[in-house]
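Got some structures for you, see below.
In the two complexes that follow, chain A is the common piece, with chain B as its partner first and chain C second.
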Partner chain A sequence: MRFKATLENYVFVLPAVLIFLIFYVIPFIWVFQLGLFDWDGILPTKTFVGLDNFKEIFFQDKIWWQSMLNAGWITFIALTLQNAVAFLLAMACNREIKLKHFYRLIFFIPPVLSEVVVGLVWQWILDGNYGLLNGWLVQLGLPNLVRNWLSDPNTALTTVAIVHSWKGFGWGFLIFLAGLQTIPREFYEAARVDGANAWDSFRKITIPLMVPVAVLVAILTVLGTMQAFVLITAMTGGGPAYHTQVPVLRILASMRGSSRFGYACAQGINFGLILMAISFIQYRFSRKARNT
Partner chain B sequence: MRTIAYYKSKKIAVNAIIHLLLIAVTITCLFPLFWMVSSSLKTQETIFKDMSLIPKEFHFENYILAWREGGFGRYFLNSILYTVSVVAGIIIIASLAAYAFSRLRFPGKNFLFFMFMAAMMIPIPGSFVPLYVLLSKLHLRNTALGYILCMVNVGLSTSIFLLKTFFDKLPLELEDAARMDGCSKLGIWWHVALPLAKPVLAVVVVFNALNVWNEYVLALIIFDNKNLMPLQRALMMFRGEFLTDYPLLMAGLTITALPIIIVYLLMQKYIVKGVTSGALFG
Partner chain C sequence: MRKFPVFYILFLLIFAGCSGANKGSKPSVTVWHWMTDRDPAFQELAKKYETDTGIKINFELYAPSDAYSQKVRAAAQGQNLPDIYGILGEKRDFSSFVKAGHVLELTPYMEESGAAWKNALFAKALAINEFREGNSYGVKPGIYGVPIDTMTIQMLYNKDLFRQLGLDPDSPPKTFQEFLDIGKKIKQANLQGLVSGWDETWIIDSLASNYAFNIMGEGKVMATIRGEVPYTDPDWIRVLAIFKEMQDSGVLANGLVTMINKTAEQLFANGRAVFAFNGSWCVNVYKGMNPDLNYGAMIPPSAGDKYPMTIWGGAGSSFMVNLRSKNMEEAVKFLRWLTDKDQQVYLAQSTNNLPANKESLSKLSPLLSQFAYVMEHTTHPSAWGISEFPQVIEAIDKGIQSIIIGEKSPEQVAQEVQRMKERESARKR
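On to the complex of A and B.
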C-alpha cells in the first residue's frame, strides 16, 4: 500500500522532472563536454582538444574581451543612469500625489514590450538619414549635433545603452517603489517632531533602509544587462565593426557564423563563470555594507 | 513665523515640479509607440520626407498588406498557438509538481526541489548551443512541439517556486475534508488546490504569456521554416529582407506590440504583484 502511494506521488512530479532533465540538465552537461571539443555541429566526429578552446579565449580572442567591455559599459550606464532615474521616479510616486497609479502604469510599458519591438522602433527613430531625432535637430537649428547615432563608432554603444535603460528602468522603479512603501510613515513623523528637515530624513531614514533593495536591483541589473543582446541585434546587429558586440552575440556568432560549436560552449562557460563571480562579489559586498 | 499660506504654496510648487518630471518621463515612454503607429500609416513614398507626427492621410491598408503579403497573419497565429500551448502546459505541469513538493511525501523530494531552484540561480548563457544539438538529434528542430517543450522548460522553475510558496501557506482543512469524502490525490489537486490557487495562477499565466510572446533566441535557433515562425523571429526576418519598407515593418511591430499592451493594461495588478513579490525576474 505504502509503496503504491509513493509511486503515485512520483507521478505528480514526473512530467516536470522529465522536461527538466531533457531540456535543462542534458544541455547543462553537454556545455561542459562540448567545450573540450572542436566540432562543426554537423559531422559525426568531434575532435578532442582539451582546454585549447579556453586558451584561445584567454590569449587570442580580443573581440571576445572587447565584447565583454562593451557589455560592461552598457551595464555601467544601466547601473547609474537607469537606476538613478528609477529611484528618483519611485521617490516622486511615493508621495501623496495625484495620478501616481497612472504614472506607474505607464512606466512599466517599456519593460513589457519585446526587445525586438523596442529595438526596431528606436532604430527607426535614430536612423542617420531619415530618423526623427536628426530631423528634429535640424529643425531646432542644431545641425551640428546630427549623427549617424547607430553606425558611428563614437556614439553607437552609448546610444544602445541609453535605449536599454529606457526599456529597463520600469523594473527598478517598481521594486524601489515597493521598497519605499514598506518604510513606516511613523519614522518620518518622529523625525519631523525631533526637528529633522526633509534632507535629514532622506539621508538618515530612507537611504539606510533602501540599501538592501538597491543591492537587489543592482544584482538584477548586472545579470540582466550583461546578458542582453536581442535589443542590440535589432538595433545594430553588433556593428559598426564590433563596436556594439556583446558576449552572447559572440557565442551566437561562433555557433551560427563560424560553426564552431565547441568554442561557443567554451565561451558560454567562461561567461557564465564571470557572471556568477560578479553576483557573488556583489552579494558579499552588500552583506558587508549592511553590517557596518 | 511662516504662515499656512506659505507652506501651502510651497507644497503646490514642489508638486508642480514633480508632475512636470513625471509627465516628461510619461511622454518619453509613450512617444516611440506613438511614432511607430504614426509611421505605420504613412506610405513608402512619403515616410522618408514627411516628419509630421500625425500623417496627412491614414493608410490603413498597410495593415492589410502586412497581415496578408507580409505574412504577419500567419506569424500572429503561430505566436498565439505557442503562447497558449506553453502557458497551458506550464500550468498543469508546474502545479502538479508544486502540489507534490508542498503536500506529498516521497524519497528525493528535497533534492528534486533544490534542483529546480538551483536552475533559477545559475546562469548558463550558452545553453542554446547544446539545445540546438539536442533538438536536432530528437528531430524536434523546425517543429512546433520542440519550441513548445523548450519554452515550457524555461518557465517551469519560477512557476513551481511561486505555486509551492502559495500551497505552503494554504490551510489543510479543505483538503482534509475532501479526502474524508473519498477524493483521490489527483482529485484534490484538481478540485480543491487549483481553484484556490487562482490569484497566483494569474501571476503565472501573465508572466509566462509575456515571456513566450516576446521570446526571440530559441525561435532563432529552432526555426528555419518560415511557416512556423512566431512574430519576434519573423519581424527580424522581415527587416533583413525588406530593409527600407518601414511602413509595413511598423505595421508589423504594431500588430506584435498591441496584444501585449492590452494584456498588460487588463492584468497589470498581477504583473505588479509578480515583480514586487521579488520572485520573477526575466
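On to the complex of A and C.
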C-alpha cells in the first residue's frame, strides 16, 4: 500500500521531471559534449578535439576576453547607475506622492519595449550627423561636446551601457518598490518616537532590510546585463572594431560567422561557468553582509 | 459509453493517417525562402504555374534571413528539408550541405538539350552554385543550385549633389585621386560623403576585395588565401591604406563604421549623402524611399594601373533541390520554369532585382541596366573555389574599422591579420 502511494507520488512529479530533463539537463549535457568536438552544424560527422576548444578560448582568443571586459563595464554601469536610479525612484514612489501609480507605469515602459526598436531609436537620437542629442548640445551652447557617440571608441561602450541602463532600470525599480513595501511602517514610527531622523531611519532600517532585495536585484542585473546583445546589435553591431563586442555576440559569430558550433558551445560553457561563479560570490557576499 | 469520444477520435486519426494522398492527384512542391520583398511575386508565379501544370507550389516565407538560416540547418539535421530551399552563408556551408547529401546535383538537367538551361543563365550567377574540378571543399564537381536572380555591388552617386558641388553629373570620378579630391569639396560643403552599412563586415569586405583585385590582381589575392603571400605584403598594406586615405580626405561619412545599411540607404535616398556603396537591390529600396532621387551607378574608382577594378557580383539568390525529396523531378521542372525568360522578366519588373536569365536584360529599367551591364567586371568569393578563414575576414574588416576611427595604422592591421591567418592555418593543420 505504501509502495503504491510512493509510486503515485512519483507519477505526479514525473511530467515536471521529464520537462526538466528534456529541456534543461539533456541540452546542457549535449552542449558540453559538443564543446569537445569540431563541428560545422551541418555535416553528420564531428571531429573529436578534446579540450582544444577550451584551450583556444583561454590562451588564444583575446577578443573573447575583450568582449568579457566590455560586458563587465556595461554590468558595472548597470549595477551602479541603473540600480541607484531604480532604488531612488522606488524610494520616491514608496512615499505618499501624487500620481505615484502613474509614475510606476511610466518607469516600467522601457523594459517592456522591444530591444531592437529601443536600439534603433537611440541610434537615431545619438547619430553623429543628424542626431537629436548633438542638436540639443549645440542649442545649449555646448558644441564642444558634439561627437559621434556610437562610432567614437572613447564613448561607444559607455553610451551603449547608459542606454542599456535606461532600458533596464524598470525591473530593479519594481523589485525595490516591492521590497520597500514589505517593511512595516511601525518600524519607522517607533524610530521617530525614539528620536531618529530620516537619515537614521534610512541607514538603520531601510538599508539592512533591503539587503536581500538588493542582492536579488544585483544578481538579476549581472545575469541580464552580461548576456545583453540585442540592444547592442541594433545600436552598434559590436563596433566600432571590437569596442562594443560582448560574449553573446562572439558566440553568435563563432556559430554563424565561422560555422564553428563546437567552439561556440565551448564559449557558452565558459561563459555560463563565469556567470555561475559571479552569482555564487554575490550570494556568499550577501549572506556575510546580512549576518553582520 | 464515456470512452466513446476518445475511441472515435482515435479511429478518425488512424484512418485519416492511412488515407494518404489521393491516388492520381498531382504532387505539390514546397519551397522555403527568406525573401520578404519577393514573396508576393513568388505567390503570383506559383498560381500561374498551378494553372499551367496543375502542380501546386507552396512558397513558405521564413524571415528574417538569420531565422531562416537556423531553420534550414535544423531541418538538415532532422532530414526534414522541403523539396526546394536556399542555403544562406558561405561556400563552405554550401559544400557541407552537398557533402551531407542534402542537395541534388543539377548538372545533367543543365546539360540537357544542348545545355539550353545552362546557357540561358549568367555564367557568373551559375558559378556561385558550381563546384569546379579540384575545388578545395572536396565536393564532386558539378552544378548544385539554380540562381533565380543576381546582383552587383557598386558605388552610387547623387547627380543633384554633384551639380551642387560644381561637378559634372554625367562624369563620375574614374581615378582614386579624383574621388579623394571630391572628398575635400564634400567637407567644404558640409555634406556627407560615402554612406554604406559598414557595421556589417561583409560590405567592407566587398570594397576591400575590390581594391585588392585592382591593386594586386586576382592571382596574388588567391595566393594570399592559399597562404603563399602574407597579408603584410606591401600590396595588402596599400589596400588597407586606401581606407585611411578615404577617411583623411573626408570622402567617408561620419559614423560610417557603425552605420547600418538601412540608415545609409535613408541618408542617400534623402539626398544627404553624395555617394553610397550598395548592391543592385538598392534600386527597389531607393524607389520606395524617394522615387525622385536622381542618381547614377559607377564602378569604384581605380587605385591601381596594372589590374582592372573588379566588383562583387553574380551572387544573388539561389535555390537547391533536396536530394531526399520525393518530388525531385517536379522541383527541378519548376525551377527551370522559374528561370525562363518570361518569369524572370516578371520577377525583375516586380521586385527590381537583376534577373539570372540573360535574355531578360532587354526588359530592364535604364537604372537597373547600369547594374546588369557591369556583370563582366564581377567576381565573388563563392566562385573562387577556395575561401579565406572567416576569422581572417573578420580581422580585415574590423581592422579597417580601426583604421577609419584612427586607432590603428594599415601596417598594424596587416600584422594582426597575418597573425590570425597563421593561427587559423596552424589550427587547420
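Heads up, the rule we're going with is that the second predicted complex is superposed on the first by the 266 of 292 C-alpha atoms of A that agree within 3 Å, B and C clash if a C-alpha of one lies under 4 Å from a C-alpha of the other, contacts with A are read in each partner's own complex, and residues count from 1 in each chain.
Please note the rule applied: a residue touches a chain if its C-beta (ideal position, glycine included) is under 8 Å from a C-beta of that chain, and two chains touch if they have at least 3 such contacts.
Worth saying up front: this structure is predicted, and the values here are computed from it rather than measured.
Applying the stated clash criterion after superposition on chain A shows that chain B and chain C collide. In the overlay built on the shared chain, the residue A:I26 is in contact with chain B alone; chain C does not reach it. Look at A:W166: by the touch rule set out above, it reaches chain B but stays clear of chain C.
In the superposition on chain A, A:Y242 contacts chain C only, with no contact to chain B. By the touch criterion defined above, A:V116 reaches chain B but does not reach chain C.
When the two complexes are superposed, the chain touching more residues of chain A, out of chain B and chain C, is B. By the touch criterion stated above, A:L180 is placed in contact with neither chain B nor chain C.
Judged by the touch definition given at the top, the superposed model places A:G41 against both chain B and chain C.
When both complexes are overlaid on chain A, the residue A:A253 reaches chain C alone and has no touch with chain B.
Working note: chain C versus chain B after chain A overlay, options 37-45, 73-81 or 289-297, clashing stretch identified as 73-81.
Counting contacts by the rule stated earlier, residues 41, 129-130, 256 of chain A appear in both its interface with chain B and its interface with chain C.
Against chain C, the residues of chain A that register as touching in their complex are 40-44, 56, 60, 123, 127-130, 148, 150-153, 156, 235-242, 253, 256-259. Put simply, chain B touches chain A in their complex at residues 15, 18-19, 21-22, 25-26, 28-30, 32-33, 35-36, 39, 47-48, 51, 92-94, 96-97, 99-101, 104-107, 112, 115-116, 119, 122-134, 149-150, 152-153, 156-157, 160, 185, 189, 210, 213-214, 216-217, 220-221, 232, 235-236, 239, 246, 249-250, 253, 256-257, 260-261, 264-265, 268, 271-272, 275-276, 278, 281-282.
Remark: chain A residues 6, 8-10, 12-13, 15-17, 19-20, 22-28, 30-31, 34, 41, 85, 88-89, 92-93, 95, 97-99, 103-110, 112-118, 120-122, 124-125, 129-130, 132, 135-136, 166, 171, 174-175, 178, 216, 220, 223-224, 227, 230, 233-234, 247-248, 251-252, 255-256, 261, 264-265, 267-269, 271-272, 275-276 touch chain B in the complex.
Note for the complex: chain C touches chain A at residues 66, 69, 73, 76-77, 89-90, 92-93, 96-97, 99-100, 192, 199-200, 253-260, 263, 267, 272, 389-391, 394, 398-399, 401-402, 404-405, 407, 423, 427.
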